[in-house]
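Per-chain numbering from 1; labels A, B, C, D, E, F, G and H assigned in written order.
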Amino acid sequence: MDRRLLEELLERFRRGETTLEEVREELARMPFHGMGDVVVDTHRGLRLGFPEVVFGLGKTAEQVVRIAAALTERGSNVLVTKLQADKVVGLRERFGPDAVEHDEVAGAVLVRHHPVEVTGRGTVCIVAAGTSDLPVAREASFTARCLGNRVEEVFDVGVAGVHRLLHHLPGLRSANVLVVVAGMEGALPSVVGGLVSRPIIAVPTSVGYGASFGGIAALLGMLNSCAPGVTVVNIDNGFGAAYAASLINREFGS
Amino acid sequence: MDRRLLEELLERFRRGETTLEEVREELARMPFHGMGDVVVDTHRGLRLGFPEVVFGLGKTAEQVVRIAAALTERGSNVLVTKLQADKVVGLRERFGPDAVEHDEVAGAVLVRHHPVEVTGRGTVCIVAAGTSDLPVAREASFTARCLGNRVEEVFDVGVAGVHRLLHHLPGLRSANVLVVVAGMEGALPSVVGGLVSRPIIAVPTSVGYGASFGGIAALLGMLNSCAPGVTVVNIDNGFGAAYAASLINREFGS
Amino acid sequence: MDRRLLEELLERFRRGETTLEEVREELARMPFHGMGDVVVDTHRGLRLGFPEVVFGLGKTAEQVVRIAAALTERGSNVLVTKLQADKVVGLRERFGPDAVEHDEVAGAVLVRHHPVEVTGRGTVCIVAAGTSDLPVAREASFTARCLGNRVEEVFDVGVAGVHRLLHHLPGLRSANVLVVVAGMEGALPSVVGGLVSRPIIAVPTSVGYGASFGGIAALLGMLNSCAPGVTVVNIDNGFGAAYAASLINREFGS
Amino acid sequence: MDRRLLEELLERFRRGETTLEEVREELARMPFHGMGDVVVDTHRGLRLGFPEVVFGLGKTAEQVVRIAAALTERGSNVLVTKLQADKVVGLRERFGPDAVEHDEVAGAVLVRHHPVEVTGRGTVCIVAAGTSDLPVAREASFTARCLGNRVEEVFDVGVAGVHRLLHHLPGLRSANVLVVVAGMEGALPSVVGGLVSRPIIAVPTSVGYGASFGGIAALLGMLNSCAPGVTVVNIDNGFGAAYAASLINREFGS
Amino acid sequence: MDRRLLEELLERFRRGETTLEEVREELARMPFHGMGDVVVDTHRGLRLGFPEVVFGLGKTAEQVVRIAAALTERGSNVLVTKLQADKVVGLRERFGPDAVEHDEVAGAVLVRHHPVEVTGRGTVCIVAAGTSDLPVAREASFTARCLGNRVEEVFDVGVAGVHRLLHHLPGLRSANVLVVVAGMEGALPSVVGGLVSRPIIAVPTSVGYGASFGGIAALLGMLNSCAPGVTVVNIDNGFGAAYAASLINREFGS
Amino acid sequence: MDRRLLEELLERFRRGETTLEEVREELARMPFHGMGDVVVDTHRGLRLGFPEVVFGLGKTAEQVVRIAAALTERGSNVLVTKLQADKVVGLRERFGPDAVEHDEVAGAVLVRHHPVEVTGRGTVCIVAAGTSDLPVAREASFTARCLGNRVEEVFDVGVAGVHRLLHHLPGLRSANVLVVVAGMEGALPSVVGGLVSRPIIAVPTSVGYGASFGGIAALLGMLNSCAPGVTVVNIDNGFGAAYAASLINREFGS
Amino acid sequence: MDRRLLEELLERFRRGETTLEEVREELARMPFHGMGDVVVDTHRGLRLGFPEVVFGLGKTAEQVVRIAAALTERGSNVLVTKLQADKVVGLRERFGPDAVEHDEVAGAVLVRHHPVEVTGRGTVCIVAAGTSDLPVAREASFTARCLGNRVEEVFDVGVAGVHRLLHHLPGLRSANVLVVVAGMEGALPSVVGGLVSRPIIAVPTSVGYGASFGGIAALLGMLNSCAPGVTVVNIDNGFGAAYAASLINREFGS
Amino acid sequence: MDRRLLEELLERFRRGETTLEEVREELARMPFHGMGDVVVDTHRGLRLGFPEVVFGLGKTAEQVVRIAAALTERGSNVLVTKLQADKVVGLRERFGPDAVEHDEVAGAVLVRHHPVEVTGRGTVCIVAAGTSDLPVAREASFTARCLGNRVEEVFDVGVAGVHRLLHHLPGLRSANVLVVVAGMEGALPSVVGGLVSRPIIAVPTSVGYGASFGGIAALLGMLNSCAPGVTVVNIDNGFGAAYAASLINREFGS
């Protein structure tokens, strides 16, 4: 029920043109009338200051441009994830090169309507094991930055080289929340979880071959982590991990 | 290397009783000497004000009593999870009934050395779908409370009865972090995730039969949640979810 | 918002004690006020004339009695499924032997508040392959009858004895909807589906050993049925199949 | 045994040219002679007014044209599913553009021998969550329409945006049978099943990545639906769901 | 249609009391009338000289006795497989000790109505790797003997002790068909298949632990056997393998 | 040890040029000397009159030609399976068109050194459900013929059209051994197994989509067949099934 | 062919009582005659100084005593693995308490015919993560000791407490081969593998719940280890790992 | 902390320019200062005389050249595994043809900074079943040679042709460690393990189709090997197996 209809109904009631009983019935018959804004968190993204997100996989360049245009017109920044590099040209043409930020490794693009404001309380630290995990790790760090976080990247650390990890200890411990990306046996979150006392979001990657089964080995390893405080997202879901990290990093109530 | 040994070494060096070369070698030979406190977060639990945690499954009543005694003597509260009810008697005898808090549904016990202090910033809300999920949900709420959080329980809501969930909307939205427990298709976190803008930790339960495959269906459902911001822990791991929620709910730096 | 509160609000508005703006805000702040009955189909069971359903597995005899008492007091028949035989005694004592109908093979009980009325349009035919499938098949036929259907049972037909099936052809073809129960290779629905032109709901059972994998083989067989019109429910879910069949067999709008 | 042979046999018997014993043996030796029309439902499609169905995947354009020609000559409409767009040209050339209706999103074609007549009693409602599920959802709606149903499409509703679903409530509730298409966690049928009291056929889609495992997550979610009355078809099988819905929507006996 | 009814119909036709058209319709209306014996191989067991087979698992002692009594009264020997030892007493009491042959290791019983006649052309050789596989191997040899074959047992040979296998080479090569039983890696059929030129039926057993997954490892090994001519039955299905071997070992046409 | 060396050794012994002890040691040191023909069945193929078999998948055209040339020079016919059509040209050029028989549907080629002689006792019947299964079914029939069997093909019968199968009953029953090929639910062997009393070798195919999982559904269905006497080979392994059928169809001792 | 028969044959040949041809045929007819000791490594255990090994699971106390008696009579020590504690009494009674060494945690027994001699070149180090892994770890260390190795146990180290592991570094590095036992995510071998340069044999354990799937998570983690040099044995197979370690630790040629 | 900084600190302490307390704190603040060489095995490769290893899969030709250049400049040989043939050109251009050794079948390249020195104690024997397994087997033998081992290849032996294997017995038995590569049922390591008394590392390959499931069948077969002493690496991981074999083959302490 839009505002106008509700007001008309109430006015008719005040003027005695309809009974209380009829008003009650009218209200009951129209589910969710007039209270959409309250019931439904439709503008979650905007309220949080997050960009609108478009899942680029399987969409044509034209579709992506059209959706991004509609969203920026409504005043949103737009984050496009898992977008092939050759589809970025169209975005550049439509929005101008300055408004389009492209991270090729991440396969992600930010179409900027306005500058990204840092709203996160602390730092989000993205940790990754090897070069093969970089696309997912970079998707996570790009997303985290677009969602208003200070981001620190600790790449190229692994469980079979524990010393490299230990050298990054101060950096790891200064983060408010950590996203740990790993393929193969997926053990990095457990080791990191033993070193820091902040929430850790683990992202298994599909890196590996044979019995890695496209990331299942890493996923299971992370779900069975012996370090409490580790939670897990879907395989290769760097975006989702960064999104969760951003919610954690925000001031509650903001 | 404890402090005393390090100081003796340095004093011997200052007195000229050993060479610089020998000091360097001595330091090098002893990995991590003298820097244990920095390198290793051995006292994470105590520093966080969290209790020590004992996994009760498969331990005898005697073992549990012995471990709990050792830990309380060091000044810790002790949380025992997944403990069969008949093993609680021994704990009561040893520590007295007042020091032993038992949640039978959760299968969890707190042995108190000192009162639990509320250190969490906001409320942790535990959401669960059905009576079958109660043991896991209660393990989560009991854990969250023992780890210093205000806890609100919203049980008996489910995706096939969306209205019940909507009636709890104010409560859900006032939480700082939510733990959502569900078996069967594991869809509750997605629906809740569409209604609130706070971090959600999803716990699949092994409730169900046939193609629920002991919780795999729920686990997969949660990993594929269409609501961003949902992270997942192992099947039936109410403890782990509450632990992660507690880390999120703490002031960073505390 | 219950009716009284809504009426008070509207009366205050009519008396000019509150502004239109305030009424609108008040309504918006209270999600689902006054329209619960419309939005939510809470009384689906009663409206359909279906009994309330209690999943007996894992409940104590006392719990089952208590729940059944609460539901019958609200005027419902109560169907309890997957209930162990030794838990029926308590129901008999509480409700009297005449009100308690027990199908031991099905492991199901009907606690009658009033006689079951036949509301289904046609016959629901339950087809099953072997004696091992009987518990699931009987759960389906008992449920279908309790939900107001005429039921015909065609048990002891199998794909390796196609002639027995063909002898039942007239019976199969006179049904409005068929529930086909099978374990092992789960092929019976395909064969039946080739013989009749009515909706078929296939129920895989966990009967078998080795590579039957607790019903997975039958489940996959049914999902891949070469006969169009076959839909599938969870392994051993005779109740669910009969429930779906009952919805199909009801007059639309009833 | 064709009619002529049977009549000759009986005539020879009447004329005394063969014994009763010989007739009996002759009948017995020829399985199914003379009763093919009764025993076998060969003309199911035609009797139901359904088109003949051709599974287009893996067939060449020439094969599809040839088969379609043979079937239309016998007086059938022909529905071709899962057909690549570039193979439609041949059909257009052969049957003329007016006789060939192509739904590109669905990847389906109707070759019309005669107009499709509406024979279904009520409306079939196709519900889908996201744009990625559209091909399967459209295959379902195209099929349902070709099989003689009035179809209503409710696309772009999802479990993480329950409000959008609730706005469609009147439409959902006015359907005689619903086909609910969803990928990822496959929870939409459960939520819909909690809102309506009609049969729901759930179609998991292979949409997603990582732990969606090509639709397994959605499939398991649907099989474990907490909403009774939900039945499931194979992953991506929009056609099969619509076929089952059409059988449900037909008047029994028709 | 039993013989009497058919003859009456034909006689009425000869007497002119019914028309040719009516006879044709009458015949068509009754599927399979009068030709049951031809169409359906109901007496396959008896014709082959095979005993009737009862799957003992999950049946009570009383049920087994009752079924066996019914079958022996019809003149059949009765083979009961997967029967717990304590249920054999009832069979002994009912049929007398001489008529009941019990193989405790196999968990199988033959209730004899008449002596087993050797009808197989050659020898069926049962090969097994270890003592753990004995129950399945003995089920196979007991079954093969009951179905009329000369049986040779070559137990205690394994792929990690190829020499023991080679010592049995003459025996292996003199068999007409071989049943090879193996758990763990299930490699024995491949090795045997490289040594003999007769059909080999492989039976995986559920022996093993960990990654044997209840026989899946052995099953997959056998399905991927590099020796052509190896076919496979279900895990632990010694009966099925022996049944297939018996069909192979029979004279075609017998 | 070839014959010459053995004879020299024995002669030296007879002449007293070596001691008995030395002969014994010499014999012991040389495993399998002089007894290769007995121990090892190296010429199985030739002795059985079977062609040599080359697995074409992944081999270059040149490799296939080279291997086939080497084998035909030793006097064998050569069967190449799973060979892409464009690699047949090289074989035709090398051996002449008359010597090269190509079954395009089967993806198999016979390079003939000499005519194929029928050595099988009876007919091998290849049964298949649908056009999608044809490549595997034809691989089976081509192989069976090349291995010296009379072959009968019964294609286009399926479990959802039981009548078509029943019309082929005489043909099915006249076979000595049957190979039954099916994808999807893999139920055809069970139905055929209920109609004939001869050995049945079931071949699951990878035909299907979604929950067919590349043939797993059909494989499991066949392993769990309720018809005894059915044995199974690997998915798509038409060759292996025909090889096993050929062994069964040969006279024992031949 | 035992030595006596061979010598008789050769003597007959020397005496001219048999022809060279006949000797050759006689040799050829008897596979493996006279060369058993060479061809077959029947006495591998004894030659290596390893005990005979009996797999205790599923054997009765009587069977174990009987087998152990037979083996000790042949001069072997006997190692019994996976033996329930209550079955050790019989061994003690038969062989005397001094000859029977029982490790209750490992569930393993050594029946000593003679003292175990240390034949391994270096130390075998058994590393384990937690108390739950102890039974498997102790099976490994008990086995390694019984097979003649010096054993060092490093228990209670885990990947979430990397500092504890680092404190054991000198011990780990002084081993010739390491057996690393871990459940849950199975990451310990990777971390250890990054710290030492010796062969590592990883043993996954079935410890854990939910998505540990009885050890599959740990198994996959180990197979995907990012540390080269890690090899893996079956879940819970402490014995097999120790056996492999013993082979590695022996001097080649011994 | 490098040596210079540590020495300065200690000197300042000796000179009384800093207190003991401050030295302790300084040391504690810098994790791992001055002891990097001890704690961390950074130069494992160089110390072992092993080349540096680059995983070529997914890297561009330019990346491979750049990494190889950096590593050779530090004095290492560089082994590149799983490298497509067309990427070798760049390496040849950069390092000269003499420095680049390419094994096309293995898909591996050695870029030589200095000659490979044989440091292994004995021979590493690589055993493989069929031509399809050659790429993995050759990766193993190429790796083993590059890591300083004498290598013997025994290819083209299989479990279905045990005689060929037995002919290689002397070669197999003269190896210090064996790598056994096999696809399909993966039984070769079990058979080899029964013939030799040295460590065996089994490598499953992804060769096969259907139920080989990309190497899972072989992997499970090897994990369940009935021959003790067999350990397993990931599917297709010829490199890892050779690496482990090299560690075994090195003198301990070297």
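Note that in this section a residue touches a chain if its C-beta (ideal position, glycine included) is under 8 Å from a C-beta of that chain, and two chains touch if they have at least 3 such contacts.
Note that the coordinates shown come from a computational prediction; the quantities given were computed from them, not determined experimentally.
Enquirer: What are the mutual neighbours of chain C and chain G in this structure?
Expert: Chains in contact with chain C as well as chain G: A, B, E, F.
Enquirer: What chain is the most remote from chain C, judged by the mean position of CA atoms in each chain?
Expert: Relative to chain C, the chain whose C-alpha centre sits farthest away is H.
Enquirer: How would the chain E/chain F interface be labelled, same or different, where same requires over half of its residue numbers to be shared?
Expert: same
Enquirer: On C-alpha atoms alone, could you tell me the rotation angle mapping chain A onto chain C? Nearest 5 degrees is fine.
Expert: Copies differ by a rotation of 180 degrees.
Enquirer: If you average the CA coordinates per chain, which chain's centre is most distant from that of chain A?
Expert: Between chain A and the rest, the longest centre separation is with E.
Enquirer: Any idea whether F-G or G-H has more C-beta pairs in contact?
Expert: By number of C-beta pairs in contact, G-H is the larger.
Enquirer: Using mean CA coordinates as chain centres, what's the gap between chain C and chain E in Å?
Expert: About 39 Å separates the centre of chain C from that of chain E.
Enquirer: What is the distance, in whole Å, between the centres of chain E and chain H, each centre taken as the mean of its C-alpha atoms?
Expert: Averaging C-alpha atoms per chain gives centres 51 Å apart.
Enquirer: What parts of chain E, by residue number, touch at least two of the other chains?
Expert: Each of 31-32, 39, 161-162, 166, 169, 194-195, 210-212, 216, 219, 223-224, 234-235 in chain E touches at least two other chains.
Enquirer: Between which chains is there touch?
Expert: Listed in label order, the chain pairs in contact are A-B, A-C, A-D, A-G, A-H, B-C, B-D, B-G, B-H, C-D, C-E, C-F, D-E, D-F, E-F, E-G, E-H, F-G, F-H, G-H.
Enquirer: So in the complex, the part of chain G that touches chain E is made up of which residues?
Expert: Interface residues on the chain G side: 31-32, 36, 39-40, 42, 55, 57-58, 204, 206, 214-216, 219, 234-237.
Enquirer: Per the contact definition, I'd like the list of chain E residues that touch chain D in the complex.
Expert: Within the complex, chain E touches chain D at residues 3, 6-7, 10-11, 13-14, 20, 23-24, 27-32, 34-35, 37-39.
Enquirer: In their shared complex, at which residues does chain G touch chain B?
Expert: Answer in residue numbers: 132, 161-163, 166-167, 169, 209-212.
Enquirer: Which chain B residues qualify as touching chain A in the complex?
Expert: That would be residues 39, 41, 44, 47-48, 53, 121-122, 166, 169, 176-177, 194-199, 201, 219, 223-224, 228-235, 239-241, 243-244, 247-248, 252 of chain B.
Enquirer: Name, in rising order, each residue of chain C that touches chain F in their complex.
Expert: My answer: residues 129-130, 158-162, 166, 183-187, 190-191, 193-195, 208, 210-213, 216-218, 220-227.
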